[in-house]
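Each of the next two complexes has chain A plus one other chain: chain B in the first, chain C in the second.
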Partner chain A sequence: MYDAGKIIIGLVIFVVFLTFAFWMDAGKAVPPPKPKLNTPVIMKMPKAERKCVESKEFMRTEHMQLLDTWRNEALREGNTEYINTNGKMYIVSLQNTCMKCHSNKKDFCDKCHDYAGVKPYCWRCHFVKGQMKNWE
Partner chain B sequence: MSMNRREFIKRVAGVSALLGLGGSAFELLQPGALEAALKAKSSPRYAHNKDRKVAKHWAMLIDVEKCQEPGVMDKIIEACNRAHNIPHFKDPKHEIKWIFKESFEHTFAENSNKYMDDRIKGWIFLNMCNHCEKPPCVRVCPTKATFKRPDGIVDQDYHRCIGCRYCMAACPYGSRSFNWLDPRRALDEKDLNPEYPTRVRGVVEKCTFCAERLDNGQLPACVEAAPEAMICGDLADPNSNVRQILRKRTSMRRKLELGTGPSVFYLV
Partner chain C sequence: MDVKVSLGIALGAVLAIILIAFFGAQVPGLQPIFGIFLPYAAFVIFIGGFIYRVVQWGRSPVPFRIPTTCGQQKTLPWIKQNKLECPSSTLGVIGRMFFEVFFFRSLFKHTKAEMADGNIIYSPSKWIWAGALLFHYSFLIIVIRHLRLFMVPIPGFVKGLDTLDGILQVGVPGLYLTDVLLLVALAYLFIRRLAVPKMRYISLPADYFPLVLIFCIGATGILMRYFIRVDIVSVKQLTVGLASLHPVMPKGIGVIFFIHVALVSSLFIYFPFSKLMHAGGVFLSPGRNLANTNREKMHVNPWNYPVDIHSYEDYENDFREKMKAAGIPVERE
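Coming up: the complex of A and B.
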């Protein structure tokens, strides 16, 4: 093999470069996201009533399915009311229910979505008034 | 062996967990937590708003003569634009129109002639989606983004629209607009209706008979703005307000010969 030394050194550099991302972050864990719940609307609620439409655990794992169902129920069936597992009624609307409390997209929605590497496009249409400068 | 996507993902997660790759690294997903939460309580349900406006076949009557009074049509168009966050683009190629002004010959092409009386010739007509009984746009939509509700309203689901514009080609009334540009660029924050979303570049939109307002017990924005010129009601009910008016007054519908069954009546 001609220039074996150069080639092997080159290969080693190449492999090191290729695996850079792995050994650079070895042993480190990205801290799990901490979405913020301190929006003015939530802070105004009495502590006992600070609840989402469903339990925290359910919302964490199933909010996307819930929103998908909400969209179809409201738009296609005209069902504008959601009666949750505790019998409490909520208006079926991302913009008028969810985003009234969670008006802090950057510190709430984006926190987990960025962590999980997902890019939902809800906010390309739905918006909170007064936050036009944050529009995508 | 067949495997659906959910099964595949579960297995990949299982294998990667065994290999120490952290199949369950996502701390938010506690195995079993969801199932337990689901079992614990009664299942949720959906309901109509009890105040919602109901009809078997929604129809709109437009009193053309009333519309000729100064400011009436502008008032209607303005109310619609505000209610639905409709952007204003100056270039007619990019315009978004839900309800808009047209001449007689553009509205009733088949009825216009050179020797028409000056009175009608000078009138301006409000054009909007006709919410057809047999909507050609619904027939051609490949994703069912536009669909007919049981109450006769032809609604539009922007989540599903892929922007193919078949509906625009199919609509004989030119009632549909395509978002060539990002509509948010042409909106002013102070005029926004915070209750209604904007649209996104690449979807088709049109008048939805304010379906979302009817579902919440409100009248359409145009009817609310000018009840003297716009009247809505149930065409299927022989005693409804619209049927009573239609019995007494001469009305016209657009392009009846096409058989689409438009639900917008022009009182002349």
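Coming up: the complex of A and C.
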């Protein structure tokens, strides 16, 4: 091979760049996050009533859109009532409805958000009582 | 090749990949093939194929010194050399390659030929340069951004890039600028091939296929993020599993994800065997990576071999008598 030295250096740089994630992750067993559902409010509920505003599957993939719609409805349209697919009514409020049960931002919201590298801007306005320090 | 045939082959191939992934991922038991086996195979073929191609090029001799000279070469001290367009030193070559690789300098010199009053006139045209730059940098940022799905913890530069890319904070999940720019740039590059008659004439399936393929990769990614969402935590479980070499196949990931992965894997597999190898080829272009020392130094063709010389003196020695007999004059009696 002509100019073997230069070409091999180039190829090594190329391969190291491509396999960057492999080197950094090598040998790590990373368990997926398990957001905790054991807040006092949830634990007090009877088992049958432990339900979110919508199904678990829906909330997993759509909660951000739901919250975005809620924000727009409540703040821009003044509509603070949400009827879910089962016909049950909820008050549209992140802090008073969602976080009444999910009061554990660190062990609930942040778990998956940190894992997936998502930094939602909910917390520019909203906060958890008693956790105003160390925010963001 | 007729444009309909070319387009048909390109679109048909991409559609086939989408359909295979769409139906395949819904067959119970086949998901690990699409989620684990295919990405690994594609990655190995990509790296292996890329190295193979580069080594093949490295083994090809460059018999002549052929740098493209677009400026004044180094000459008398009172004539100013254009060091970037006609480099005579390694530093100059590095400078030239830097601007070529990072800013597509040669595309910047693109001109457009037009007929005006029976004369052909050339005028500068920067659209292809702008489109290419937009496409390549958007794609690069998107690829780096994807590291957030492959790494735990996520490196700071990936997070920073993510924030910068989503700086407009439009919608939830936040709109990425590069998502839009990538599709716009690809649409331009695609329409350019169809709309300009000369481009249409020289375009082959191999020109349309990568454009359509990457467009569909972008489109499925956008669909997956903004419209038909998938559970990102399960997706990351799979991708981190791939990167840590402990692959797992979480349940409940939507079909759109498998279509996206199949398209990306196809791109990886296709890459080393296609025109996309210009990624490696740009570094190995003798027109650009050679310093113009054509006359300054002695350059010997690397495939020259020692030649047995038969001088005239030897020739005369061999045939002197016969030459004399035939009346041919000889230098020595």
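Assume the second predicted complex is superposed on the first by the 108 of 136 C-alpha atoms of A that agree within 3 Å, B and C clash if a C-alpha of one lies under 4 Å from a C-alpha of the other, contacts with A are read in each partner's own complex, and residues count from 1 in each chain.
One rule holds in what follows: a contact is a pair of C-beta atoms (placed from the backbone, for glycine too) under 8 Å apart; a residue touches a chain by one contact, two chains touch by 3 or more.
None of the values given here were measured: they were computed from a predicted structure.
Q: What is the contact status of A:Leu75 with respect to chain B (first) and chain C (second): first, second, both, or neither?
A: After superposition on chain A, A:Leu75 lies in contact with chain B alone.
Q: Just checking: does A:Glu62 make contact with chain B only, chain C only, both, or neither of them? Give me first, second, both or neither.
A: In the superposition, A:Glu62 touches chain B and chain C alike.
Q: Examine A:Cys112 and indicate which partner it touches, taking first as chain B and second as chain C; both and neither are also allowed.
A: both
Q: Just to be sure I read the superposition right, which of the two partners does A:Met43 touch: chain B = first, chain C = second, or both, or neither?
A: In the superposed model, A:Met43 contacts neither chain B nor chain C.
Q: Once chain A of both complexes is superposed, is A:Phe22 in touch with chain B (first), chain C (second), both, or neither?
A: A:Phe22: touches chain C, not chain B.
Q: First (chain B), second (chain C), both or neither: which does A:Pro32 touch?
A: both
Q: After the superposition on A, what does A:Ile7 contact: first (chain B), second (chain C), both or neither?
A: second
Q: Taking the superposition as given, does A:Pro120 touch the first partner, chain B, the second, chain C, both, or neither?
A: The second partner, chain C, only.
Q: Going by the contact definition given at the top, which residues of chain A touch chain B in one complex and chain C in the other?
A: Common interface on chain A, chain B vs chain C: 32, 57, 60-62, 112, 116, 121.
Q: Hey, which residues of chain A end up touching chain B in the complex?
A: 32, 54-55, 57-58, 60-62, 71, 73-87, 89, 92, 95-96, 112, 116, 121, 124-130, 132, 135
Q: List the residues on chain B that touch chain A in their complex, please.
A: 26-30, 33-34, 37-38, 40-49, 52, 147, 149, 155, 157-159, 184, 189, 192, 194-200, 211-212, 215-216
Q: Mind listing the chain C positions that touch chain A in their complex?
A: So the residues of chain C touching chain A come out as 46-47, 50-51, 54-55, 58-62, 147-152, 154-155, 158-159, 162-163, 169, 171-173, 229-234, 236-237, 240, 243-246, 250, 252, 280, 283-284, 302.
Q: Provide the residue numbers of chain A that touch chain C in the complex, in ascending order.
A: 1-4, 7, 10-11, 14-15, 18-22, 24-30, 32-33, 57, 60-62, 64-65, 67-68, 112, 115-121
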